[in-house]
């Protein structure tokens, strides 16, 4: 046993003891009063933050690009935050961000999963930062209950899952076996989309789900899983339903390697450029557009409008506080329209920000 | 003078070749293969066996690299980052949709060399900064991912290079070209391990590093060289993933670091170094792939697959070590 | 004989924290001679040797090779100057073949451009092994060889230095005979004499008769200084011993005068029919205060019996009784609790925790001795450890020094003290307790064993040599192929001769 | 039976007093120095970073990582590694979220005990089956993740009434987040228990030279199982902190904390080969890692460069903090 004192340990223990002696409180002291001040920010004072998982996939890269485009249109710069699909890192970044100056802070956030939304919302609400969230939130958490959580935007996963399911059924002529590639199992997107597929299967009784495996939204995993399933089910596989385009593209590679390119129909969701190209080239059957560029811009636009006072939270219709955005089934017929993601400044006018509402969140 | 140990008793164990303890993993492989084959007729089909071997290609190449590092008693977690960087590099250098480059084989070579460079960086951090390999390679992995993200720049590069694409699609004697490349890597790896100073020293460093120093061997350059060699394998692995996916992904190497270590260890390479080798690892890779494939084939729920796989890996290693259990044995 | 010495050392000084290891050592190794180096444990031999092969940078003083002053920065440096050493702690890579170990660091024709040529390597290694008359398979993995075989490989390896330097080499042998068999020792001595034809040899051994036998001249070190030089012709061990310890040594090397008569009626340890993987049907009784040595060749199973008695080796049959009470030894904990102590042969690996302090090593087993309730009592520990440091004359800067920094003998004393601090030791199992120790340290260990026996501790000894077994034991068990071949009484004054024992061992 | 032994009368006191040398003192402080240097660098990059609120947020953020790293440090000190901590923490968040409605305040201790038990099971498997801890815990990682997925129905489990864990979200003295205070108390507790009991000796001996420890009669197996057990308990506590912060439990919630936790241990200067280090070092290491994870993007480093910087800084930090005098060979 070493008896030499450890200075570091001593300092830590002392500060700890001091802390315990002084008692506890429920609120952090020293923070300024941060009740949301409706409106009143000068355009130049607004701080725009876009947070997504990473910059290394096309969808989220286009999201950030959309955010940049909007910020430029109002003469600001978007701060980009990425958290590598790491829930804890996302929370840590948010809480660190909210520990700074939050007066005119506008955040357009893609929560990693449903469970990540509540603490973000709570933190933003306490700090008085304007928040727009997208994709993931628990059903019972509603923006309408909060002052600065302006809106939650998502796409109807059940609907898109069903749409591509139907497209797939049509493509294989209404009968035959298909396999499904699921996303990360504990995300709402994965579950909703799969629920959509199940609904579609009910409708198309000739289509049989041979197998379903998780490929975690990953192109590489989808490749391996598809190869395995192809050998397992052989020629019975007429179609592949993938919960996103990355997996669909992985499945396409697997088909090509198995010498079955073109013989099996593939559908996905997200309308990433590669998928659009594949659809145009006839390799893929269908996808559903979820416009990343628009998502990146619109979240900031809504927040900016509220922060600068051009829009009042109280005036926003209840249906617009949490809504499904319009999505489009992309097939060979209309693929050309989606080939180039474009940012339309008119979408971001404060009067137009809710133009793409397809319906209230159910 | 007195004589105490005059006569040496007859020896029982073999002194040269493979010993009993090397038999564990192959036996486990055969047993697990047998179980799956009995459970699922699809599993034992020729197609599926081809599929398993093809699917093992990339993991085999990555494991070749990691095996050398593990033999030294170090560890390497840089595969994910290095593969990402090399995947992006190769996809931007061969014919692709992002730029007009069309360097073909040269591009592949550059990607492999980049892998070497990253490996070298890990080695330098270990040798010069004396950072344990666990952290050094973790840091290099992060750097690799960062470099890959820089090159990615928001648009996925899709390759259109006929040769690189053909690697994943064309077949020779029933197996994809990639599989033959992996087989070649295993052969090269084995030759390096058996017939070069680099390979033998890697093995010796794992056995008794201080002795090498005492014998006047400068260990440091060999350590760097081993990491560089491993980096080359990861670089090639990144190229192979790009060939399979038809696009350069930052996530090309996701998960390969831990799978490769698992495969190597399941094959009988010790994490403490000094034992095992390329052939052990090849068996380990097959074992892991048979497991992954077999679980899907017999229809284990996707929720449980990971768990069952973990359980079987632990059981396989346990079964392999039981014959050599001794009291007072050190297990880290 | 040329006038310029092959190797000369002048005024070498080396300090370690709290210890002056070398205090102005002078040494001359002439060409074509065998120089013996003698000195007690801690006299500075190891440090001096390390300085000669570039492992230790001296604080002051010069080293001259053939008259030229040199700075030796590494083993390679030393080898380039023709200085090579066979290390006491074996320096072979266990998972390489013997051949690779022999050529390691100077592969020559065996490796071309980094590519191995196994045939050439095997031939090269075979040549080296032939030189010393060893029949080891060059392609055997080193960890499958016995200790003695490994030592031969090591000597074969250092002889490679002949190829490395154009000048006559200087070869240092640090305790090369400590575990060799007599035949091998003879071979080694023949080899040393052959070496003398073209090289200089520095021979270090704790066996003074060996030193006198093979060396031309002996330099004696004491407390980091060279205290004398003796031509071996006509010298007697006693004279050397006197120079080493600075006074006349006692003839009673094994302290037989201190041997206490054994009077216990009931055996302290009683083993019946003990069987395990490498031993069968062992019967063994050790009375309190008795020292029983077990002798046998390699593979006789005596080490395993010893470990089995400590719960470190599984047994398949038989019973063990302590003071008449049957005990179970599923693990080492149980053995410790039963008052059994074990001093392993591989001190550095199994005996001590090199990074931990003397105090921690000493109290590692008998934690109660330094604790009050479940807590460590620093004062109690300090008093306890310091008292044992004094009682066993352990040379250490203080109780918080890492044990790895002490000399071998002092390390061994700490390891022994570990079993004594609890005050509840009843049976000590000593596996080569004096391996690698020199006369002085050995003598102290012997004396300690005697005192422990006198106070009633039963001892099982696996001795370093038959001589030691005969000198120390009250009774000797001879083991052969896992079984007890015979039992020989060994009372003071009626000691058997080594030959009697060897007969039974084979 | 006692056996007095007096070998030789003491002629002179054999011990000399000498404290640790200045260099040794400095290496003890290195993790702290690295921490301060990092804060300074971040402040230079963005002067707004050094505010009380910002530091408080960082401390709160770091709490679960500190606890995870502290527990795993014990395993590392024993010469092993625990790769299952993050997966175990994830599973624990799910269990806590599921049990909170029924057990209320009791759920917290129950979850910690369950997590400790799972850790002990892994330790036992490692010790009894003689499988390297790397493999056991890697297997444990997969198994625990699978269990978490199944138990949670592959979804997030919301905590509607989080009052039983809300106390962790309070602030001590207005400035110090309760979770951070708890984390420091845990570290202090572990450190003190180790220091005042023989455990410190046993753990170092096991980590540095297991065979020597065993032959000295040290309860090596128990020490190892105990280390895994504490590591599990810490994972459970980290899970409680995460739930209190996140208002829910999720089967993958803490998974990404594995490598940061290991990084924290090593950045703190604990030898990954075992035998040398301390939980205090891991505390400092966890703070460094947290600042890197959170601070770099906040001060405006772009994502790609952030990863590059993270990799480079962590390597340099380890180079600074590792006490090489205690470790002869760096693997």
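In order of appearance the chains are A, B, C and D, and numbering begins at 1 in each one.
Here, a contact is a pair of C-beta atoms (placed from the backbone, for glycine too) under 8 Å apart; a residue touches a chain by one contact, two chains touch by 3 or more.
Not measured: the values here are computed from a predicted model.
J.: Identify the chain pair with more contacting C-beta pairs: A-B or B-C.
T.: B-C
J.: By mean C-alpha coordinates, which chain is most distant from chain B?
T.: C
J.: CA centre of chain A versus CA centre of chain C: separation in Å?
T.: Centre separation, chain A to chain C: 69 Å.
J.: Could you tell me the distance, in whole angstrom, between the mean C-alpha positions of chain A and chain B?
T.: Between these chains, centre-to-centre, one finds 34 Å.
J.: Round to the nearest whole Å and give the separation of the Cα centres of chain B and chain C.
T.: Between these chains, centre-to-centre, one finds 42 Å.
J.: How many Å are there between the centre of chain C and the centre of chain D, using C-alpha atoms for each centre?
T.: 42
J.: Hunt down the residues of chain D that sit against at least two other chains at once, touch-wise.
T.: Residues 149, 154, 195, 201, 211, 214-215, 303-304, 306 of chain D each touch two or more of the other chains.
J.: For chain A, give me the residues that contact two or more of the other chains.
T.: 1, 4, 54-55, 185
J.: Spell out, as numbers or ranges, the residues of chain C touching 2 or more other chains.
T.: Those would be 312, 331-332, 360, 370, 376.
J.: Residues of chain D touching chain B in their complex?
T.: For this pair, the touching residues of chain D are 79-80, 125-127, 129-136, 138-147, 149-150, 154, 210-211, 214-215, 259, 262-263, 266-267, 271-274, 303-312, 314-316, 318-319, 322, 324, 328-331.
J.: Which chain B residues qualify as touching chain D in the complex?
T.: Interface residues on chain B, with respect to chain D: 72-75, 81, 125-126, 129-136, 138-147, 149-150, 209-210, 258, 261-262, 265-266, 270-271, 273, 303-311, 313-314, 317-318, 321-322, 325, 328-332.
J.: In the complex of these two chains, what residues of chain B are touching chain A?
T.: By the definition above, chain B touches chain A via 42, 45, 47-48, 50-51, 54-55, 145, 148-149, 152-156, 158, 168-169, 176, 241, 244-247, 249-252, 254, 292-293, 296-297, 299, 302-303.
J.: Could you list, by residue number, the parts of chain D that touch chain A in their complex?
T.: For chain D paired with chain A, touching residues are 19-20, 25, 28-29, 31-32, 48, 51-54, 56-58, 60-61, 64, 149, 152, 154-156, 158, 169-178, 181, 184-185, 187-188, 191, 195, 200-201, 242, 245-254, 256-257, 278, 280-281, 283-284, 290, 293-295, 297-298, 300, 302-304, 306.
J.: Please give the residue numbers of chain D that touch chain C in the complex, ascending.
T.: 1-8, 10, 13-18, 195-198, 201-202, 204-205, 208-209, 211-219, 221, 275-276, 326
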